[in-house]
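Have a look at the structure below before the remarks.
By written order: A, B and C. Residues from 1 in each chain.
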Amino acid sequence: MALLEVKELSKHFGGVVALDGVNIKVDKGELVGIIGPNGAGKTTFYNCITGFYPPTSGKVFFDGKDVTGLPSHKLCRMGMARTFQIPRPFMSMTLLENVMVGALGAGMSLREAKEKAKEIVSFLKLEEQANKPISKLNFNYRRRCELARALATNPKLLMLDETFAGLNPSEIDEMVKLVRKIHESGVTIMLTEHVMKVVMSLAERIVVLHQGKVIAEGLPREVVNDSRVVEAYLGQRIFV
Amino acid sequence: MSKLGGKKIDVVSAVTIALIIAAVLAPMPIAGQTYLIQVLVLILIFATLAQAWNLLAGYAGQPSLGHAAFFGSGAYTLALLTFYVDFFRYNPWPAIFIGGFIASMVGLAVGALCFRLRGPYFALATLAITEVIRLIVANTDFTQGALGVTVPTPPKVETPLFTIDFAEKLPYYYIALAMMLVSAYVVYAVSKSRYGLMLQSIRDDEDATASLGVNTFRLKMMAMFISAFMAGAAGALYAVFISYIDPSLDPGGVLTLFTSIDPILMTIIGGVGTIIGPIIGAAIKVGLGEYLRVTFGWKAGLDLVVFGAIFMVVFFVARRGIWGVVKTVIREGWGPVKADLLKLLGR
Amino acid sequence: MPFELALVNAVNGVVLGSIYATIAMGMSLIFGVMGIKNLAHGDFAMLGMFTSFWLWSLLNVDPLISIPVAFALFFILGMAITKFIFKHIVGEMMGSIILTFGLSIFIENVAQALWGGDYRWIPVSYGVYKLGPLSMDGKYLVAFSLTIALIVLTQLFLAKTKVGIAIRAVTQDPEAAESLGINVDRIRLVGGGLGIALAGCGGAILALIFYIYPYVGILLTLYALIITVLGGLGNVLGAFFGGLIIGIAQSVATIQVPSALAPAVGFTIFVLVLLFRPQGLFGKR
């Protein structure tokens, strides 16, 4: 059974059609990549299914249940977690405290949350920075904090939003290893990306969005060579 | 959260206990000076109100500009109960809790209406609602309208050892002290609990918090309940203490804009988001206010002119609040404070 | 009779509302160009009211002359305030609220200390005019026409002049404006001056039809705040419509509701609007 099933999802902002009848299925245990040129609707897609705003039409099923339009916190409790394109850490807290909030959201006590947070922090190799105020940590660590925080909610599905943007090549390699590690621990992953090298090496399957529609789907090598995809990206630089 | 070892925490506890003992003993030598005791009582009552605001705004990040609604609800609840019901006329003390409870109900209603708004919109909505409440109270017969309500002095309490005479100011001091300590402790306990961390995260970024599975609305309502309760209890005590409340806009009123802004001023002067900030702020604001009133009050408004001037100057010099400055100095030395001053002069 | 009563009230409401709106426009302008919520704004209007009053009372100056005088005076005052006070809190939400609150206390009580708390009134008359079935006090007509003139001139200034357009640019994106060669600091001076001038001049006009006392500033600030939010933060024209709505609603409501409760009507409308349209009537999300 599919963990996440999106049927005919559409989102209109006034006259602008951001998503137009999107159909996507993600099975348990998969690592799916969503790509598309700028403005294709990737973040809108995330926002619609994670409860930031309701879709104009269409349905979202998670774990077999209809979750269309449910608020963010309910979806998180059901197992859907996401990161944000630009990290949004809680600036008044340390990295560890940030991660703890994720665990608290899942209903743990303060002590349990601290334990869980420490576990995740070492899983993601962040022990050294754990007790530093997040306001003093750089972009790379804020990204990882975002990841750790989302992991702390015990997600079944982790949705990453351009997690690799703005990282230098060695940071990207580190991050790829971490994402793979998370995937191997049993979390289903969906990621949107611009950095093609990442998508090619991580994703088992790729969905291509263009102007709010799914224009191609399949194995990475097939999709990248699909003429429609190439056409959509024409004029855009593809980093392979 | 203090990361130093057990030693520092013990020092803090010891100092706290010492201060509490000092506070308990303080009025003894000046028991005869009713004016001073009165000022102290007011400081304690407003410190409680400031602490209440601090919980909702400083920790949970909801900047209420309408806490007078809760303070006033508590005051009016007690006053009307003593007015209409014999039992309370002779025994107003339970009414303090009832006042707090009614205020918290008002708070929940305000929250249900306004928590969908953020930041300045929330603030203005609470402001507007408080003013609407005040106008209704001022124009309704049940609440005695513009006449106000007189609260009778509670009867003496006789115990085998001593008599508590509520015509004196001293008993109120201890009740207010107890209330202030309880409110400080409540805010402290909340801040250290799992709720405290979640409220902080709501303050920092409500949407991100929601995406982590936290029911932000429920948490905000919880904070509101506690905050409004404390404000209401403080208001109820205030009503008994000054014996007369009315819905007018004059600075002494329980439903005025000043009453909503006072806790904000006090908390900011003292240091937002700290436990001791509101207490220091209340002491400074009430103390300074009284001093100025005595010194300059011969010309109506002059004391407030000086207050306004001092306030602006202090703001320029110490934006973090007094306690905030102290904390920064302890943690990072004089550097950041010097930097602030230089920036101000260099502009 | 009741219909005419309602009409007269409505017209009064329109006049009052448009004056509140002018003051609110000034507040909106200051917020737009400097990101400052000026809680002392109504107090500048109060000072404008007193300017008109004292010029009349001590020097027998017709209020009509005081009004442009007030504009000039408060423009200069506004620039001074911008330079010495507002400049330090540009963009700070909490900081501007706190500081301008202190300023508000200061100004109100200087007025109180200097002039006392008595309610004052300018008893000039400009005749009575018949508008159809209604008799209108000339003062309201004069006030209204002056207010409209002020609003129209301000809008023209913002839309057509180089400085006005620069002000709008700084309101939308100060950094972009700077990179286009606009002297943002100087524009802020002008914006601040204009904002305070609108308050002071609005106050001078208000003095024709409203009583004058030091603490009226608080009420005017409150109205300005509500109107600004109602119209959409930063939206100057929206503030005008917000003001009209408030003014009319309150005045008409006084027929059904005791006049002491009239402000409550305005505030209730405000809360209702916020609940259903949090960005205000015309604001963008």
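One rule holds for everything that comes next: a residue touches a chain if its C-beta (ideal position, glycine included) is under 8 Å from a C-beta of that chain, and two chains touch if they have at least 3 such contacts.
Being a predicted model, the structure only gives us computed values, none of them experimental.
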item: Pair of chains whose C-beta contact count is the highest in the structure; value: B-C
item: Most distant chain from chain A, judged by the mean position of its C-alpha atoms; value: C
item: Inter-chain centre distance, chain B versus chain C - centres from mean C-alpha coordinates, in Å; value: 32
item: Where chain A and chain B are represented by their mean Cα positions, the distance between them in whole Å; value: 43
item: Distance between chain centroids, defined by C-alpha means - chain A, chain C (Å); value: 48
item: In the complex, chain C residues that touch chain B; value: 37, 85, 87-88, 93-95, 98-99, 101-113, 116-117, 214-215, 218, 222, 225-226, 229, 233, 258, 260-261, 263-264, 267-268, 270-271, 274-275, 278
item: Chain C contact footprint on chain B (complex, rising order); value: 63, 113-114, 116-121, 124-125, 127-129, 131-132, 135-136, 138-139, 249, 257, 261, 264-265, 268, 299-305, 307-309, 311-312, 315-316, 319, 344, 347
item: Contacting residues of chain B [partner chain A, same complex]; value: 1, 3, 193-194, 197-198, 200-201, 203-205, 207-216
item: Touching residues (chain side chain A, partner chain B) in the complex; value: 50-52, 71-73, 76-77, 81-82, 84, 88-93, 97, 100-102, 104-110, 113, 131, 149-150, 152-153
